[in-house]
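In what comes next, subunit A is part of two complexes: it sits with subunit B in the first one and with subunit C in the second one.
Moving on to the complex of A and B:
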């Protein structure tokens, strides 16, 4: 026990490590905030950079960047309606309307505190229950991932805005965009028209930046004369009462975040969207409707995506299996530093596990501190006149799209989808479902094929598999219940019950 | 006369120019064919700092992914042959032509160093009802289509190992496709698939930790990193003719790069690959160090392409015959 504590406290007590975690978290927040600059990229660059370092400092810096980066994505989502990272898409849905009402400061405050809370829950689960969570996560079969993806597709209902039909259309379009490129399972080319540039598919970050960033800039051109939104800043840190009010929701969202984060193959982006959908379902009467600046719409995704950080470390530390793309790179980093991440790491080098837990805790604390400072300066962005704001958004979008893969092709895609997104918005299509479709496309497509192939291409066998596995059955029932709950039949039943 | 003289001076100037400007006079761009965190990425990021030291220049590494590495390869082949763009790749491009993924491969490049090769290994989930290769074949024959093999698409290591197995004893199993051996090995540990042909480096920690078990090492000699793993030739010597075979990691520049630049890079990576911590990393992950360059590397690549292209051709996985591209039969 004392040994564990000693290892957890290493980053807290060593000034060098402490400042590296701080530096990492600080730069992570800004890397995360710039669309296109991703944590994955930053951490992989750090591998070469920290090559000659000892393993502790290298890990400290990477963890700081990871924690800060996941949080940082919310900044631009709230202020500019451009999610800095895919895991902040849900944050934009209610965060940006809040900023437009002059409550950007409050939105950032809630986001920061809730991210801290989610991070804390994620780390706690990692520290206390890692082996059992990873044993559970690894049991997910292709059919379970498929059902999870179907569950995700149903989020279209929450993201559609006014017209469900238009939402479904947008979602289907996203699924199609996601299937472009070389099929990784069969190496067949899909919708590439024989072009090598298309073989890699369309970067979905480019789609995201275009759809949110450029279309936002174009929409704002309609109201050039309107001055920037005056921001009122009286309360940044939410009161204890507010936190207590959202406690049940944030605990549930954290649970979603940890599990989805721990699943190899899904990460913070899907966790945040699922938590957002969950919030819409459990919140009976929000003070402000969802999509117009509901606080619940910030609380849920932000706790979930930071809880997913701890979650992603669970399979990595216990089995050497990455929980997401960042932990995949960290596994590589551990190898380079002479460690062997795998099932034996926890047995042979438990100190590494506790050191990482310590770093995560410290990074989480720094995230809270850095997140809550400088808000007054940041919200000035929203107050800027349109003539400054629009070029700023376009510049950020172009730099971001280029940075994804250092390729101009992505910039063209981004601009194309920006214009498309603008017209879609003009005609009342919401863009959330498009991004949702792109994110889920591979998950659904690959796992459906794996599932049916595993069952020798027989549908009865697949169904048999679903009803005999408790996990698959639960997911299957969840899909059915959520689907029915959105149909008129359900609301009729509910009305009968209450009357 | 004057014109002639001028031409001669110009020509002289042009030929001596590369020698005057000391390579590298600016940053070198390193393009990694595979994503961050993968084995190609790890190997290249581990060796390059040592090579930089020997070269006295800096190499900026960048992952360009997609199209099983074709996008990265095309980027370098479309650039200048001046040594300022290096391709860090794996074995895949040698199959692009037969798989219909492009018309360029390593024949359009000069190998700087073929660093190491991986050793294929057949692993199974720990509770699979067989422990050795003959037992596995017997079980598969008794239960057609029941055993689930992981695969990573035609042309990948699992497809080649399966082609080898099929060449000796045709097997009737279900192939479940994954996008890489990492996700497939994860699925194996969760029981979604039963057997996976993987590269030793990806499976070694799982085997040591007991989350998967070895069926056979596809090599002619035992591995130092995992000495207790039985080789396939110890039970089925007929595989000896096809082995050793394995995926590899190589450093390349575009064909036509000036000889002095190639020589400098070759020396740098040759030196880098000798670094103790790099060798330790490779040994620990079960890769066999090769560190070959020049004609030796070219011969290795030609032989690899001929063996593998014809193996997958005979297994019926190709889109075009290797004969169409003048790839000789082994």
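Moving on to the complex of A and C:
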């Protein structure tokens, strides 16, 4: 026990490591906040810098960036409606309306504190339950992943706005966009129209920036003369009452975040969207409706995406399976430094596991400190005159889309999706389901096909497999219940029950 | 509830466009592997594009039920001039980025839009555009080493000269 504590405290007590975690977290917040600069990219670049370093400093810096980056995506989501990272997509849905009402300071304050809670819970679960949670995650069959993706698709109901049918259209469009390119299983071309540029698929970042950034800027052009919204930032740190009020939702969202984060191939983005949907379902009377600046709409995704960080480390450390793209790169970095993440790491080098837990804890504390400071300067951005802010948003969007692959094609895609998103918004389509579809496309498609192939192309066999596996059956029943809860029949039953 | 809201200008046209696009994509999805197998590469694309087509038709039905009279116009409420100009400016940016380079293209892009939208003095527009480009250049190009097209600006030489200057100072 003392040995564990000693290893956890290494980054806290060594000034160099402490500074590296602080530097990493600080940089991560700003990298995460800038669309087009992803945490994955930053950690990949860092590997080349830290190649010759000792393992402890290298890991300290990378973990800081990871933790800060997941949180940082929320900043531009709230202030500009451009999610800095995919895990902040759900945050934009209610965060941006809050900023439009002049409550950006409060929104960032809630986001920061809840991200801290989520991170803390994720790390605690990582420390306490890593072996058992990873054993649970490894039991997932392709059909379970497929059901998980279907569960995710059902979030369309919560993200659809006024029209469910338009939401379903947008979700299906997202799934279609996600399937563009060479099929990874058969190498068949899908929607490429013979173009080699489309064989690698369409950059998700270009779609995201186009749909959220460009379309938002184009919509804002309608009200160009409106002055920038004056932000109230008297109180950034949420009151104890506010924290206590949202604590139950925060705990539930953390649980969602940890579990989703621990599943290989699913990360903070899916966790945040699922937590958002959960918040919509469990919050009976929000002070402000969802989509118009509900605080619950910030608490749930922000807690979940940071909890997913701890979750993603569980399969990485104990099984050597990445939980998301950043942990995939981290596995590579650990290999470079002579470590072998997997079941034997816990046996042969447990000190490394506990050191990483310590770094995560420290990064989480720095995230809270840096997150709650410097907000006044950050919110000045939204108070700029729109006549300057909108061209700047557009330039940032263009550069962000270009920077991902150094490709002009991505800029054209961004513009195309921006214009499409603009018209969709004008005619009452929500854009959240499009992004949801793109995110879940691969998870659904690959696992549906793996599942049906393993059941010899037989639907009855697949169904039999689902009902005879407790895990699959639980997921299947969850799908059925959530699906029914979106139908008019359910609301009729609920109305009858209450009357 | 929705059917009482009047149809917006161009809504029907957009609706027909998404149905036509969905049908085209459905036809293409069928072409991937036909009805080969449930696990074929075209199975999920056929379901998604089929769903898009179906939803498109339902939305059309809802739209046709809406009252057509509205005070809105295409030129004022759907495609006002600033929107058209901005779309054209982004297209021009993408076209000019490679030949002109990041710095001049971005500067021209910002200068044009800021001047057009704000109608303020040239001095304000130039300084706002130059300051913004400088900030983005420092973040993307210098801090994060994102390669942006240099175009007509001898960027490599300028950066090397600055490097030498600091090297000599040391």
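Things to note:
We take it that the second predicted complex is superposed on the first by the 499 of 499 C-alpha atoms of A that agree within 3 Å, B and C clash if a C-alpha of one lies under 4 Å from a C-alpha of the other, contacts with A are read in each partner's own complex, and residues count from 1 in each chain.
To be clear about the criterion, contacts are C-beta pairs under 8 Å (C-beta built on N, C-alpha and C of every residue); 3 or more make two chains touch, one makes a residue touch a chain.
Just so it is clear, the structure is predicted and the values come from calculations on it, not from any experiment.
In the superposed pair of complexes, A:186 makes contact with subunit B and with subunit C alike. By the touch criterion stated above, A:173 is placed in contact with subunit C alone, subunit B being left untouched. Look at A:453: by the touch rule set out above, it reaches both subunit B and subunit C. Look at A:403: by the touch rule set out above, it reaches subunit C but stays clear of subunit B. Once the two complexes are laid over each other on the shared chain, residue contacts for A:141 go to subunit B alone; subunit C is not touched. In the superposed model, A:423 makes contact with subunit C only, not with subunit B.
In the overlay built on the shared chain, the residue A:224 is in contact with subunit C alone; subunit B does not reach it. Legend: residue contacts after superposition of the two complexes on their common chain; A:369 is shown touching neither subunit B nor subunit C. The residues of subunit A shared by its contacts with subunit B and with subunit C are 41, 45, 183, 185-186, 406, 449, 453. By the touch rule above, subunit A contacts subunit B in their complex via residues 40-41, 43-45, 47-48, 51-52, 138-142, 181-187, 196-197, 199-201, 264-265, 315, 319-322, 325, 328-332, 335-336, 338, 340-345, 347, 405-407, 446, 449-450, 453-454, 456.
Contacts from subunit B toward subunit A in the complex involve residues 35-38, 41-42, 45-46, 48-49, 61-68, 70-71, 74, 99, 101-102, 145, 148, 153-155, 174-180, 182-183, 185-187, 189-193, 204-206, 208-211, 277, 280-281, 284-285. Within the complex formed with subunit A, the subunit C residues making contact are 1-2, 8, 11, 14-15, 18, 25, 28-29, 32-33, 37-45, 48-49, 51-52, 55-56, 58-59, 62, 77-78, 80, 82-83, 86-87, 89-91, 93-94, 97-98, 102, 106, 109-110, 113-114, 117-118, 120, 128, 132-133, 136, 139-140, 144-148.
Those residues of subunit A that touch subunit C in the complex are listed here as 31, 34, 37, 41-42, 45, 162-163, 165-166, 168-169, 172-173, 175-176, 179, 183, 185-186, 188-191, 193, 214, 217-218, 221-222, 224, 385-388, 390-392, 394-396, 398-399, 402-403, 406, 408, 411-412, 415, 418-419, 422-423, 426-427, 437, 441, 444-445, 448-449, 452-453, 457, 459.
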